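Alright, structures below, take your time with them.
What follows is chain A paired twice: with chain B in the first complex and chain C in the second.
And now, the complex of A and B:
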């Protein structure tokens, strides 16, 4: 259960994704290094979500649904290697069992179930002791959820819902946690609170984290390595420091 | 590495031209645009003239199911109301026309339109209480009414009870019979297609389907608009019922049969739900097939079920969506 020698938990090579004739991801190669936080930044329609869907395998479901209703044809090419194993056409459930867990954009909580039930559903893959341990960990990470655990998820605030979504993903015992726009629509104070939590997860659990976001400022200090996507292609990559010093990045993604 | 091939789907040149001002550049482009409509028009007008009297009768009954399917497709795909009230509409329309004809002595040519409008009004009123709700309530209520009406008539013995209202006037000329419903189908399908695609009212209907909150926020009363849509859908069904009662010369409890509610769903599955012509095609396929299989007795239900399961599982987009894609687009392999 160790990654190849280069230290990359997940390697993407020459990935191309088409929605019918529109190209969503254009020949992208990127790597998620084990035990680190990798950020993928870009504006709307840059291809962040498509990337997350392709890595988590959700794109297989999307393809099937579109096919069923005679909609657009989704195709992808390239190579995705997880611990040296090709997972390009593996079902999302199989990927989740291998430890690739997506925390989806807009949270997608089970809004009529309580917070605790949400976490328990997320913990379906975990055994009893793991589940209990992770539950305690989630509550130590987000103490506010402890008090709200019997409240319906739909009645939680946006920030609490996002915490719950991350907690639910953690319950699935991820090795690679994919966070798709974890700060979407949140207040600035909650943004920095979550950014710190993401860093804490990396430090305490050694889970490899990949996150995508449009607005980079709260997340740049916590990532180890970052990519900047534009129109489906990578225009820039580098360590957190390198990106933060880049004037183009400052202009485009810090809003300064 | 980059030797993989991808099947690219492109609009045909003629489709691209026909979408713009160049549509009138030549006869070919004009025919491309009008072809499907013309095939439908001429198909429906010529078909009854070339088949045997027995099949003409089948086509008349198929026509009623076509109207119901259009009504279902319109409400489900363009207004977002899943309506299982086909039997309600047919029953109300059929009985109303029967009553007007037998008890008040109106001729069928007067009784049918009157029953259509009055029936649609009654059905809309009956369904009004569940219109503000979304989801399964509307479907359930519309499904339950005909069951209730059937039992009520059987128990109280009104309108002839289980015997129904017999000896209604029939339209004796078979050409009037068949072209009445076929021409109406054409008017309805083109009319509704125009309504939902080009008229403001149709725009609101589609908006109600997509997002009720946004429609309310725009200052429109959704219940009012849904009631209008239900009225249109119900009028189609009520006409079908009134027409049937004068085709048989009899209005009875079988007008409330569940078939009228279920078959439109099946027709929509087979024909394709994307466009209005899908349910029409589905009904025209299913009824004659069902008729042709009459020799197999009850086994035809099995065949029917197999066809439906096949479409739901393997060909969800339906026949028409597939045909439309082939008509408008072509595919070729390109290097990735």
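And now, the complex of A and C:
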């Protein structure tokens, strides 16, 4: 299947997500254009992570676990269309097979495995030639990882861990790469390094990227289109330039 | 010398008994308390194939291992999957299944000394003046091969790597396309096969009795707790620790102490190092 004529790889329509009675995502519609970087920005609790969980399918796993425990009831309404097909009730592993791969918040590496093993596990869905090719690509994107191959992932620095997490997601042969807060807790120099790498991925591969971030300054110049979330709803959207010129955005994110 | 040789054999037996339990817990965090029951069940099925159906020994063993793999998979798919993620319920459910299997076997007539598997080879050889039966040599050899196979499987094959991924971080593995329920089914099934393999290898040394099932479970737990839950390296080291401690007490005290020793070591390890010898819970917290 190819994406529909409008050029959107992923379309979210009127999505509503409830955790018990608390509304996490309030009737949002977002579009992710094929081959571009789309950013979702917002403060804590704005709904960024819930959105990422809903798109990657993690929310199904959360729902199942809560149900077994007798905990919160998680419900959702609306539509998520990937290449024109509704995926809202597909398991995360099935979505990954279709090319939707999440690089989770706080990296979530396999910390007792070596860096190389993390990448190998990431290549679970790749065949041999794809795996080899992507591995070379990851090392060309992040040469730092080359000499850390055999070190346990848990002993890498924050920036190296984030590079590894992105590399691992790339190994899964994504068509839509979801980056949930890729710059969380990193030093400014590492932030710009990663922002450049994300741009490089867009320029050199056909991967469509959706990223969410709280602290948006290093990423605004990198994205093609962006949404600003607040309390589960969209308050602003526009191209990178439009957002950067918007006085509210300047006030909130650039501190001027 | 006798002490060393029989210490090694006893330790290797403990590895065989516990590795399946340690593996199922290590890779899928499922504490399979039906482990001992699966051990005995395999022995019993093999006995039936061997003496009731008259199959050749090797075929009987292979068939019963296949059956136990299916039973393991069914145990996960039908029962454990419903209580996944709730450790206490998992323990109670799997222990309940184990109890049911063992007591059903007892009810069906598995009592007394009538049920025995023959050793693979009857002869024995001398190692440094100590007579050791070939069967015990085969046990040690098989355990070595099994450990190597497991290490290779979990480090260099895709299904094996997937199992370790799920064990370390389930959500991260899910979004990479790994199905956690399928991985856990494989893990429990593989654990069952390892329990069965241990049964087939070790039961010819004695009788197939129901009590042995409980004993194996206790040893498996002792080794896993002592070595650090889920750690293989720990399980192997702990097997040697407990194995030699048992042989030493049996030699210098009395043979019925070997059970007490296993439990005593659990207590000592838990007092001095609560996460076990190689337990790494909370040691590798992520750096933010």
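The criterion applied here is as follows: the second predicted complex is superposed on the first by the 253 of 256 C-alpha atoms of A that agree within 3 Å, B and C clash if a C-alpha of one lies under 4 Å from a C-alpha of the other, contacts with A are read in each partner's own complex, and residues count from 1 in each chain.
In this section, a residue touches a chain if its C-beta (ideal position, glycine included) is under 8 Å from a C-beta of that chain, and two chains touch if they have at least 3 such contacts.
Quick caveat, the model's predicted, so the values are computed rather than measured.
Overlap between chain B and chain C is detected when the two structures are superposed via chain A. Contacts of A:77 after superposition on the shared chain: chain B is touched, whereas chain C is not. In the superposition on chain A, A:122 contacts chain C only, with no contact to chain B. When the shared chain is aligned, no partner comes close enough to touch A:241: not chain B, not chain C.
Judged by the number of chain A residues each one touches, C leads among chain B and chain C.
Once the two complexes are overlaid on the shared chain, A:147 sits clear of chain B and of chain C alike.
In the superposition on chain A, A:206 makes contact with neither chain B nor chain C.
Legend: residue contacts after superposition of the two complexes on their common chain; A:68 is shown touching both chain B and chain C. Within the superposed three-chain model, A:20 lies in touch with chain B and out of touch with chain C [touch as defined at top].
Looking at chain A, you'll find residues 68-69 touch chain B in one structure and chain C in the other.
On the chain C side of its complex with chain A, the touching residues are 82-86, 155, 158, 161-162, 164-165, 168-180, 280, 284, 286-288. Taken in their complex, chain B has these residues touching chain A: 1-2, 4, 6-10, 272, 274, 316-318, 321-322, 325, 336. Residues 56-58, 61, 65, 68-69, 91-93, 96-97, 101-102, 104, 106-113, 117, 120-122, 124-125, 152, 154-155, 157-158, 161, 168-169, 171-172, 184-185 of chain A are the ones that touch chain C when the two sit in their complex. Taken together, the chain A residues at the contact with chain B in this complex read 14, 16, 18, 20-21, 68-70, 73, 75, 77.
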